[in-house]
Structures are given as C-alpha cells and as structure tokens.
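Letters A, B and C name the chains as they come in the text, with residue numbers starting at 1 for each one.
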Amino acid sequence: MIDPTVKIGKNLKIGSNVVIEDSVTIGNDVVIGHNVVIKKDTFIGNNVSISDATTIGKYPSSNNKMARKPSLSLQPLVIGDHVTIGSNSVLYRDTIICSGVFIGDLASVREKVMIGKESIIGRNAIVENNTMIGERVTIQTSSYVTADMIIEDDVFIGPCFSSSNDKYMGKGNYTHQGPVLKKGCKIGNNATLLPGIIIGEKAIVGAGAVVTKDVSENSIVVGNPSKSINA
Amino acid sequence: MIDPTVKIGKNLKIGSNVVIEDSVTIGNDVVIGHNVVIKKDTFIGNNVSISDATTIGKYPSSNNKMARKPSLSLQPLVIGDHVTIGSNSVLYRDTIICSGVFIGDLASVREKVMIGKESIIGRNAIVENNTMIGERVTIQTSSYVTADMIIEDDVFIGPCFSSSNDKYMGKGNYTHQGPVLKKGCKIGNNATLLPGIIIGEKAIVGAGAVVTKDVSENSIVVGNPSKSINA
Amino acid sequence: MIDPTVKIGKNLKIGSNVVIEDSVTIGNDVVIGHNVVIKKDTFIGNNVSISDATTIGKYPSSNNKMARKPSLSLQPLVIGDHVTIGSNSVLYRDTIICSGVFIGDLASVREKVMIGKESIIGRNAIVENNTMIGERVTIQTSSYVTADMIIEDDVFIGPCFSSSNDKYMGKGNYTHQGPVLKKGCKIGNNATLLPGIIIGEKAIVGAGAVVTKDVSENSIVVGNPSKSINA
C-alpha cells in the first residue's frame, strides 16, 4: 500500500485510512491521525504530530480568471521537528515550517511561506502565499494573513484579524504588497489593515481598528480610521 | 463498491477512500482526490477537479429552533465543465456551479445557489442558501455571503467581508433580504453590510467600512457608519 | 474492526471509512456519515446525526510557547439526544452538548464547553475552551466565541462576531476573561467585543460596532468605539 519511495523513521504511530503518496520522508517518533493525506515529496521531521483528516503538501490550482498562475516547479513542503498540526487543515507545497510550530484545526497555509520557530497559527486561520512569519509569532484563531506579507519575530495577532494586499481590488497590472508587521507589535481582534501598511516595532493596534496609514513604533492606534492615542 | 446507477466518463483519475453514492454522474477527464465524498444524484461535468476530503451534494439539516426548515424535494447539485474545487470543502444539493468556477479549500456553498461562469469563491468563504452570484465575480478568502443575496457580474469582494439578512436578529415573522451588489462594484476587506443594503454599479466600499444605507453608483464610502468621500 | 469496548444501540446507520476508537458509547437511531472519526470514550445519545468527515472527542494539544497547557485528565465528550453535527467539524473532549443542539459544517468546539438545549452553533463558527453557552442561543456562521466567555439563554449572535479574552495580548501573568452576554441580548454581524465586556439583558449591539465598555440592559449601541443611541 505504501510506495517503496517512501522513507519512514522509527516509532511511527499511524491512524486508519491514511494516504501517503510517493517520495514522502517521515522522521522518527511521528504521530499521524486517521484520514490524513500526505501528498508526494513532503518532508516530515522528528516528533511531529498531525491530527485527523488533514491534507499536507498540496499543489496550488487556479481558474482562468486568476491573475497569478501557480508555478509548475514547486519545492516540497518541509516540516521541522516537534511541529504540531491540527485536524482538517490544508498545507501546501514549497513552504517551510520550522521546529516547534503549532498549527490549529481547520487552518490553511499556502505555498512559498516560511513560519519561524515556535510560532502559533491559530485554528481556522489562513496564511496566503509568499508570506514570511518570524519566530515566536502568535496568530490567533480565524485570522487572515494575506499574501506578500512580512511578520517579524514576537508579533502578536489577536483573533479575526484581516489584511489585504491589493490596493486596486482586482484591477491587476500592479505589484501586490501585504502589510509589514515589525518586531513585537500587537494587533487587536478583528482589526483591519490596508495593503502595504507598516506597523512599527512594539506598536499596538486596538481591537476593531481600521488602519489606513503607517503606524510609528511604540504608538497605539484605535478607531475607524485609526488614530494615535499616545500622550 | 461503486453502485451500478453511477455513470462515469472517460479518463477518471480517482484517489483512495473515495465514496460515491448512488445515481451520481461524472463526465470525462475528471480528477477526484483522496477521501472525497460525492453524495447521491450529484452531476459532475467534464474536466472537473475536486481535491482531497471534500464533500459534495449534501442535504441540508436543521434543529427545532431553526425558522427555515430544509425542503424535502431538492434538486441534485450540478457542477459545470472546468470547475475546480479545493480540499476539505462542503457543497450542498440543489445548487448550480457554472463552468470555469473556482472554489477554494475549507469553503462551503449551501443549497439553491447559482454561481456564474468563471467566478471565484475563496478559501474558507461561506455562501448561504438562496443566493445568486453572477459571472467573473471574485469573493476572496474567509468572506461571508449571507442568504437571499444578489451579487451581479464582475463584482469584487475582498477578504473577510461580512453580510447579514435579518434586520430583527432572530425575531422571525419577517422576509429576510441580504444585500444587493450591483455590477462591477468593489468591497474592501472586512467591510460589514447590513441587511437589504444596495451597493450601486461600480461603487467602492472601503476596507473596514460599516454600510448602514444604500450606496449610489460610482460613489466611494468609508468609515463606521460609512459616508461618501466623493468630491 | 470495531473494538469490543464500543457499545452501539439499535438502528445505527453508518457510512464508509468511519473510525470508532475504543470505549465509545453510541445510543439508538444514530446516523454517522462517511469518513467520521469518533475518538476514544466519546458518549453519543439517541437520535444523533453526525455528517461526513467530522472528528469528535479530540484531545487538545499545544506547543512550547502556549501559556495554557492542556490538562491530562479530561472527561469524555458527551453528546445529548437529537443533536445534529455538520460535516468537516472538530469537537473536543470534556465538553457537554445538550439535547437538540445544532452544530454546522466546518465548526469547532473546544474542551470544557457546555452548550445548552436547542442552541445553534453556525457553520465555520469556533467556540474556545472554558465557555458556557445557555439554552436557545443562536451563534451564526463564522462567529468567534473566545475562551472563558459566558453566553446566557436566548442570546442571538449574528455572523462574523469577534471576541477576545486577553487584555494584554500575550503578556501572560493575568487572568483571562472573555465577554459576558446577558440573557436575550443581540449582537449584530461583525461586531467586536473587547475582553471582559458585559452586555446587559436584551441590549442590542449594532453590526460592525466595536464595544470597549460595558453596555447596560435594554440599550442599543453602534459605532467605533460604540456609543448608545437610546432616546
């Protein structure tokens, strides 16, 4: 049932109805739940845990209307040691998930993403393609991290955060740029960031704020449109 | 294993653990991923792709508290040619998905919905029942399209859009009406539309706007409550 | 295939590829869809319906960075009579779902939650741990119910609601407290509640409101920050 090109380490604990495609590599002491699908070429480190009904290593797809076509030459998905992945989640190829990362249930991470050590991607959170996430970052439940975004180390994002990267909303002929969240900034729940916005180091964006301009370091902004409330 | 009432075209590529219920029709050159469930009577056109762990053709259900009970006589789900459906998604019966449509991962589309040609339903987006979506519409990731909504051709909806159709919030004895989005209008990310709001042709609703009144054609509104910023 | 410690009542209707772990109890007249995973010790009452690809009875997990570690001694998940659970959902251990509750597709309910009789948890809605939900409560699609929250009887929450429980956003050394929603209050779609906010009996929070202070009973608040519009 398992293809001879699959390499499996010691002490694999595996559930029922698991599908492992060809050329997959699995490290030592890995736990795989029921109904998990591991697509071809995926690399899984040691002490990784993947819960039920999750699909990892998916190729992107598109339709005629979509501006950006998926690349045909994508690298495998690489999952570092001690990573924990929830149930019913979908992870794409050509992404690197560093050691100690936690990804919740019903989450999705696209291609060409890097997630740094010990970061948390909450349940039902979505991370789009081409996004860099630093170390010890928290992205809470149901947050939306757009494509082409940069999130530096130690950033905290509350639940239901929304971001976008397309100033002209589908007009095309334009370089998309998601927000940039500098080291240690904090974003409240259900805050909205416009394309290309820069949030400075240790700045705080209040819950429900709609951020239309860059926020300077250490400042606090709230409201719609958001304004500084620093003394 | 496959029921004799199932009709399958040429060149089917099918994954492991797929369940195909009775009276399903599948066209030519279809790709079905692992752990997919195709409920009874579903009609799938040619060159359709359905990714892993997706369920299509589901009957609606309810509990005692719900005002609207599901109809007992629902038509089958019909999926046109060249449609692409993501992983871990749920599509209902009595809905028509026209040719070239793209539906992302972790998305859901209810019964009595029509999705026009080449439209895009983003990942984790939800489309409720009784909603009409035109052609070349984009509904981005994690957006919520309420029931009884009309979305005309070429509308663009950014990520995390929210709508509702129930002015009296659960009081009942009232005709529900979702928003109406006229041809070519654009809605920014995390915008909120109240029940029955009409957004005019080519109007623009800013990111994070809360729209409490109709918006006239070609105008631009922002803020909470949203106001026009046209000259 | 089924463990001898599993107890099954009369008239079970069960789909393909279902996994039932040890010490599960299933009542009479239960319907279980395809690809469902029922984790160990789960108790399911009579006349329960569970749709395809749902996982129930999951143990919580965590990584090094997470403040709250899952308890090692969790009770089983208990599902009362006449409960309906959708497709592709994830329910945790040590939670009680009372009779007549409806849980939609792609939803998730964490550990140490109580959901009262006939309440509705919408599709793609998330309920975090340690949260009490009363009877006849409606929580609509894609809403986010944070941890340590109290929702009394007959509360109505529109779609895309957002809440949080952590005033210092990840700083730790602090007792988390989610909002408290008193009997019969109504919350509009995409409203944002800050940690510990109390919404009084029969109060109404408008769509898109950002609630930063307690709301008194019977009052109506809108805007960002929200203000009363009572006469």
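Operating definition for what follows: a contact is a pair of C-beta atoms (placed from the backbone, for glycine too) under 8 Å apart; a residue touches a chain by one contact, two chains touch by 3 or more.
Just so it is clear, the model here is predicted, and its values are computed rather than measured.
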Query raised in the report: What kind of graph do the touching chains make: line, ring, star, complete, other?
Result: complete
Query - Type of subunit B:subunit C copy interface by residue overlap (half), same or different - result: different
**Report entry** Equivalent-chain rotation between subunit B and subunit A, CA atoms, steps of 5 degrees
**Finding:** 120
Report summary line: For the pair subunit B and subunit C, the C-alpha centroid-to-centroid distance in angstrom is 24
Requested in this report: Would you please write down the residue numbers of subunit C that are in contact with two or more other chains?
Outcome: 17, 35, 53, 88, 106, 124, 142, 160, 190, 210, 224
Report summary line: Interface with subunit A, subunit C side, in the complex: residues 17, 19, 35, 37, 53, 55, 58, 61-66, 88-90, 106, 108, 124, 126, 128, 142, 144, 146, 160, 162-164, 166, 169-170, 190, 192, 194, 210, 212, 224-225
Report summary line: The answer for subunit A against subunit C in the complex is residues 15-17, 33-35, 49, 51-53, 82, 84, 86-88, 100-102, 105-106, 118-120, 123-124, 136, 138, 140-142, 156, 158-160, 186, 188-190, 204, 207-208, 210, 222-224
